[in-house]
Structure formats: structure tokens, C-alpha cells
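Same chain, two partners: subunit A is paired with subunit B first, then with subunit C.
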Partner chain A sequence: MRLSPQQFWRIRENQYRLFITVCGSCGRKAILKRPVCPYCGSDRVHHVESSGLGVLESFTKVYYRRNSSEDDLPKFIGVVRLTEGVRVVGEIVGVGADELREGMEVEAVLRRYASDDPYGVIYYGIKFKPV
Partner chain B sequence: MGAYVVGGAALKIDRHFELGYKDLAYRVVRDCPECSDVDYVIVASALPELSAHQVDLGIHVVQWIGRRVPALRVESGESSGLAAVDLAASLVSSGRARRVLVLGVEKVTEYPTYTANYFYSLTLDYEYEVLRGISPPAYAALAMKELMNSGVRRECFSGWAIRMHENAVSVPHAMLRFKISLESFKDSQVLAEPLTLYDSFASGDGAAAVVVSSKPNEGDSSPEIVYSGAEVGLPAYLRDRVSDLTASVGLLRRAAERLGLDLRRAAVELHDSYTVYPIAILKGLGYLDDRCDLGGFEYLNLSGGLKARGHPVGATGVYQVYEIFKLMTDGLGGRTAPAEYGLAHSMSGPDNSSRVVVLRR
Partner chain C sequence: MEVGIRGWGAYIPRFRLSALEVAALWGYDGRLPKALGMVEKSVAEEDEDAATMGWYAARVAMRRAGVSGDDIDAVFFGTESKPYAVKPSATIVADALGVKRRKLATDLEFACRAAGEGMRISVGLVKSGLARNTLVIGSDTAQANPGDLLDFTASSGAVAFVVGPASGSAAVIEASVSYVTDTPDFWRRDRSPYPEHAEIFTGEPAYFHHIVSAAKLLMEETGLRVEDFDYAVFHQPNGRFPLQVARMLGIPQEKVLPGLVTPHVGNTYNASALLGLAKLLEEARPRSRVLLVTFGSGAGSDAFSIVVQDSAPELAKMGPRVADMMNSRVRVSYSEYSKFRGLLLKNVGG
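Up next is the complex of A and B:
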């Protein structure tokens, strides 16, 4: 199915930048700019932007194919603990399997998420690469 | 008013290239005498918009099978089937319906496997998980690594798969009716390290039916639906550990406490889309040590589970309830479970939601 430019435009803030929702009720923090705290349901929240720096806590090398093309495989999906203390799951790029290790410092970068090839729009968003 | 399971049927889960949604639905109803006398139909299905361009599947199925009774479709991802049984029990208990046909039906083979994988991935959050490249097996792999880092051996997961294949051999409607060995894992295709294809559910089309009635069948002991519950978890990326399946563990614990039910003595069907999840759940409930000895469970996933019976996504919960019904009555592939309780557990995504339905003989 083709991507919807409107849909992607609407969520651009959370795709292009790394926001954190901070809850004024329970004090917990969660990745993404959200209207309510996912932990306690409170709407007494404010948002801060992450530095984009963090540590790779865990990762997996993924071969699971869900495109007609296998060009993006294998890829690495990792759990990153941002310096702000919040976890985020995303793709790790710019590194080979033998170089990737847990505890490695990583930073957020803007990379391609998807596209309506060959003539459509290209969608970008946050991924991580080693510092 | 009570709600009883009084009948049902199931088609073999397979690549049914010659059968669409409506055909599958008709085939399973044709094999089910109890399915004819009903005053409401609930169709459980997760993917028809994606795989068959079809909206309002409930009505189109009912028209195709020639029943002019109210119908609707229930969709709740992988747990659609149990959601439909839950709703059927509510309609019957409230007096809104007398006999409800719950019809789980799904096509997953209409497109190449990579497209089916994409559809299946959409059980996750499209905008913040799928677009970012996250997929169900990636989460399952991260969960498996967590458990392995805390001392669970790889063989625990392989052992689950081997046991499921053994169980499925005698199940007529199971997709993979053959045994596998530990050796098989060595050559198995990797989905997301350390998770392999042998750790994953079997993917096929299917249809299953159960009839939920306000009255038990005359002269026999139709099991009664005595518990039906649901719980929602946090998205996996917001948990401290992906393998903390708190919705499933909490719900199973609550159901067991409420009824005084021991999972080791009940006919249990656990949602094992990936081998790591039932292990995580049984560990979370305190049943397993790191050696993962499942010997204490008398009737655990006798169907072969999602792993070997198969997982026609939105229909799976209906298969589970049908299997428990058969195990508690006249038998499933020659096996019976003379247990007081039968419990079906289903979840969508890595514990995004969890559902439990319990039958009592």
C-alpha cells in the first residue's frame, strides 16, 4: 500500500526529532511527544528534546523480510538508553555486525525510513549510529 | 444467565489457495451441525482489509453462507478470536442473543510471504514501530536475549517448539503434523538473532467455529464459559524489559486465583507466536526454573500451539476455544483432557493486549 504524505507530515515532529514526555503526576519519562503519560494516564505532561546521545543496551540482527526488496537486510534493531534516561527502540546504522557491541555509545541521525519507489515521496526519520 | 460452548468445527490450517474468506467460512460451518441454529454471528478476523480488500466481513460472510441473522466482525489483532468469544459470552449472558456462532476466519497466503510479514507487523504501532523498522520477530529476539542473559538456556525455547510439534502430530487440523529435533534448529533460517524460523508460529489460512449458547446441550455436559477477561500492556518499547509480559502474567494469575485453577492441571492453550513468549509467561508466573522443565503440566498446548497447529492471525483464538471444548468433551485427535478447567490465552503483539477465556466442565 502506498504511503500517505499527510500522515507522515502530521507525525513529522516525532519522526525527525527525539522528544521525551515528562509526567508532572508520576514523574516518569517516556519517548515521543505524547498528549498523556502512558504510565499513569495523566495529561499533566511537558516535553523536552533529547540530546540524541545514548548507549546501546541490546540489539538484534534482523533478516525478517517484509518488502519486495531485500536491500535493507540484514538490519540491526537496538534498544538505546538515551542520556536523559529514557529508552528508545530503533534501527542502528553505519556499522557492521562484528563492530556492534552492547554498551557502545550511539547518536541519533536522520535516515530514510521508507519510500514509494520509484517515483514517490521518500520518508525520513530518526535512526542511531555509533558516535 | 450462563454461556456454554455447545459445538464447533475447525478446518486444517494450510495454504488454501483455492479458498477465500467466504469459502473458508462456509466450509467450516458446513462441517458443524450445531452452527445452523444461531441468532447472531460474530466473525473474528484481523486482516481482511489488507489481504482481501474487504470491509464489513461479518455481513458478507453471513450473506454468503445464507444466514439472515445479525452479524458483526471483531478485530483485535492477534487476539481477535478470543475477543469474539468474549463478546459472544456477553451477548448470551445478557440475554441479547440465544445462540451465537463465533467464526474465526483468516487468509494469510494471498500475497508473497514478505507481504504477509508486513501485514502481520501491522499488529504493532504503524507510525512509531513499523515505520521505524521494528517487527514482531525483532521484539521476540530482544525478549529472548533478555531471558538468555538472565540464565535461561537456548534449549528452553527449542524445547518448547519440539514439544509443540509432538503435540500437533495427532491434531487433525494442525498445519505442521511432524516432529522436529534439536538438530533442526541448527539449520533453521534466522529471523532475528537469536530467533529462528523454528521459534516462530506456523503461518496458514484457517477457519474455526464455536457456538456459544445460553443453554447447555441436552443430555451432555457442555462446558460453561466461567471467565473472560482482557488486559492491556505497555508498548514493548516503553517497558524496562521487552520480556516483562505483565498483562498476560497478571491476567492469568487473576483468572487462576478467582477460580482456584491450577494451570498445571487444566487444559491450557497459551499464545506461543514465538517460543520465547510462553517461556516468559510461565517464568513470570513462577512455574519454570531456568531448565524449563514443562513436565508438571498435564495438558499444555495439546493442539501444538501457534507454533505447530498454526496461527491464522485473527482466527487463532477461536481455534483455541474449539480445541479446549473438544479436549473437555469427545476428544481432539483421540486425546482428551479430563480436567475441570480449560483455559485459552491469547495476546496481540508482544503483550500489547492479553485475553483469557476459561471453560469449566
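Up next is the complex of A and C:
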């Protein structure tokens, strides 16, 4: 399967870095740099970059292999509560099944997500590893 | 303007492959790892490459330097294991770090020495006023032909430095010099999956000659003597060569061992000697003078005289330390190493 270099290029800022949208109307925060608040629809928003630090709240083990994925199965997908108070779903790497636990402190890292094998574009993005 | 290292960062993957397992698998004498001064080498995970490891090291370096992406005027990415043969890694890492668009950014290639050359280029840019701060990254997922002697050492790791004005820096780069010749000791032809080397020729006319020549040149030009240096860090292709070259220069072993990381990490190529420097910045007493000499096959060396400053111990607390990353380790088998490093040929796509 071929992903889209053009599509990835357009969204790469949100793939490479952890931004938080802060709403000036309702005051709520949401993950990703967004043009409008996902809660109240206001465009009175500003964006801050997360420290990348957080706590693993929950996780699951995944065996599903999607096309163009790296072959690092099984993998762990977790819910991370960032220190800024926003939750984000992401892959947890650099840790074995016996080491994973809820409440573990994690930090954002840049890793490969997938590639257009064998000679296509490599897609990078944020995952989380234990601090 | 004096130039200094304002921040540094390193990254060592947690997986390690035992040198004894490599010896047993490929039928080498079990005493060979000890002869090479090798215990184990670091192994990057499947979703890691030179860009991702370099990103981590650079992020820590920028935090220690107290700079943002707007403060970086140039990014130099030294590697010989680029994720793309054509397409810079410097741009990927710079964008992922939020470095501004008005910048120099390029990948440098000179075997294991490219990042060292990036340091020298940075000294020139900062000294001339063409750049306020530069980001120099050395990062490699080094490859070895399975079963070759390099299989004992070729490993993965990264290091990064923010180079800028010396005032307030962690270390002052008081002098530097380069020594380069055409020496075919190690190479990789187009479409070749692994590098080749000229066996024993990689030693005397290549590694030893260039490091000794660059170190002597530095001392001639500065008037510094061997005894003026508190520590010495050399490129570390294995655990023995740095100690041998130190003996050739009359430098005692105890000045070399604190910066010697290869026996437990392997040869991280562009991060090799610079990883040793990062470790010293975290451990050396302020005012210590460090002799740093890189080496890259092909061949060339850069020699630096670096003086650790008072701020280094406090800056060291602001990120993971090299010694801690060396100790945080999980052993993997050769099978796992093969999977992680893509040594197995598979059908792909779908």
C-alpha cells in the first residue's frame, strides 16, 4: 500500500510535534493544533507545544498489522495524560510487556510510523517511551 | 568571539547484543571479544533510525542550552546510515524540533567523522558571526556484513551539541584543527548493502596515523603539551584502538578510560568519540581540559582542545546522562538483532 506523501506533508507539524489547542472562549484544551475548538466551535484559539511528558493511564496489546506498518508487532497502544492535562492516544515503545504499568511516566519520542515499502517515503511521528 | 558548547544530549538504545554471542554464532575464537575490548553493542529498535535517535539527542541538547528553534541558525547532521540515500535527514530533524526555516541545514558524510567536521564548521560560523548557534548531530545505525569483524562493534547511538558563544557555555572550544588524506581503509560502494574494509590497513595508516597527526598538529599550533590535558577522547572503533593510540601519544590510560564507551555500547560511528565527550561533560571537574580527536575512514581526523566550564555540572542534571543510558540495558539475541536491524529479507508491500 502506498500512503500519501502529499497528505503527510500537510499534516506533518501535528505528526512531528505535540501541540495543544487552547480555547479562548470555553477555556478547554484539546490535543493537536486545530483551527477551531472541538468542544465549542470557537475560532478564538491559540496553540502551545506540550513538554512531551505525561503519565500512561491505560494500554492494550495489539497484533493487527496494517499495510505499510513497520513489523514491530505486537505493539502497545496507550492513553497518555500529558502534564498539560490533555489525553492523547499513542504507541508505547522502548518497554517490554512485563515492564508496562499504568501510572508509568512517559515522554514523547520521534519514531518511524510506516513507510511506502520498499523505496517510498518514510513517515515519522510521535510515540511514547518510559522516562 | 570565543566559541563553546552550550548544550549537549545523547541517545543510546536500550538493547544490547553480546559480543560472545556474535563470536559463537560465526565461529570465532571466544577470546576475540576480549582482544577487541568488546563486551556488547547497542541495537536500535525497528522503528528507530539515525533521524529519530538524532532528534532525541538534539532535543536534550537544546534543553540544556536553553535555546528554542528560533535560536538555531544551522543544523549539521553527521551520519553514514542516512534513512534516505537522497533526501536530507537534517530537514526532518529540524522540522520535528521546530527549528526556524531561515537556516542552513545539511547532512554531512565522512564515515565516522562527519559530525566532528560539523563541529569545526560550527566553530567557524559562530566565530565569524554568520550564526549565533548551530546544532551538530552525530547519529548512526551502523551496519556490518553479518559475520564480519565489524559485527562485533557496529552499533546504534546518537549525540548532539549546540555550538554558540563561549560566554555561559558548558565548555569552551579553545582550539581545533583537521588532518585529511585520501586513504582507502573502509568504504561502501553504490548498491552495496554493507561496508567493506581493508582489514589491518584500517589501523596503522588510517586510524593511528590520522589521530596522532591531528593531535600533534593541535599541540604544535596551540603550544599545549600532553600533560596539559586532563582527559583524552578518541574515536572508538573498538575498545582497544583508543588505548593504543593514547600510548602512542604518551597519554596515560586513566585519562582515556572515563570517556571510553565502546566496550559496552559498540562503535556508534558518528556518535563514537563525541559520545565520550558528552560523558565527560557530565562527569569531569570544571576547568578540566579535554583532548578530543575524531576519526573517519577515507580518511581524516579533527582534533579539539575543550575546557569544561563551571556550568557543566548543573546543565548535566537537565537531561539523561550517558552513564545512565549505558547502564539501562536489555540483552537481545542475534535473531532479535537481525529483526530489529532489517537483516532478514522479506517480501514487502501489500
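For the reader, a short list of remarks on this structure follows.
To be clear about the criterion, the second predicted complex is superposed on the first by the 126 of 131 C-alpha atoms of A that agree within 3 Å, B and C clash if a C-alpha of one lies under 4 Å from a C-alpha of the other, contacts with A are read in each partner's own complex, and residues count from 1 in each chain.
To be clear about the criterion, a contact is a pair of C-beta atoms (placed from the backbone, for glycine too) under 8 Å apart; a residue touches a chain by one contact, two chains touch by 3 or more.
Since this is a predicted model, take the numbers as computed values, not measurements.
When the two complexes are overlaid on subunit A, subunit B and subunit C sit side by side with no clash. The three-chain arrangement built by superposing both structures on chain A places subunit B and subunit C 150° apart around the Cα centre of subunit A, to the nearest 10. Applying the stated contact rule after C-alpha superposition, one finds that A:R112 touches subunit C and leaves subunit B untouched. In the superposed model, A:S58 lies in contact with subunit B only, and not with subunit C.
Judged by the touch definition given at the top, the superposed model places A:R87 against subunit B, while subunit C stays out of reach. Touch criterion met: A:I11 reaches subunit B, while subunit C stays clear of it.
In the superposed three-chain model, the partner touching more residues of subunit A is B, compared with the other of subunit B and subunit C.
With both structures placed on the common chain, the touch criterion links A:R44 to neither subunit B nor subunit C. In the superposition on chain A, A:R101 makes contact with neither subunit B nor subunit C.
Annotation: superposed on chain A, subunit B and subunit C show a minimal Cα-Cα gap of 8 Å. Subunit A residues 1, 67-68, 72, 113, 127 lie at the interface with subunit B in one structure and with subunit C in the other. Contacts from subunit B toward subunit A in the complex involve residues 50, 112-115, 117-118, 121, 127-129, 131-135, 137-138, 141-142, 145-146, 189-195, 234-238, 240, 242. Partner subunit A is touched in their complex by these residues of subunit C: 14, 45-49, 51-52, 55-56, 83-84, 92, 95-96, 98, 330, 339, 346, 348-350. Only residues 1, 12-13, 16-17, 49, 67-68, 70-72, 93-94, 96, 109-113, 117-118, 122, 124, 127 of subunit A touch subunit C when the two sit together in their complex.
Listed in rising order, the residues of subunit A touching subunit B in the complex are 1, 7, 11, 14-15, 30-32, 38-39, 58-68, 72, 75, 77, 79, 87-91, 113-114, 123, 125-127.
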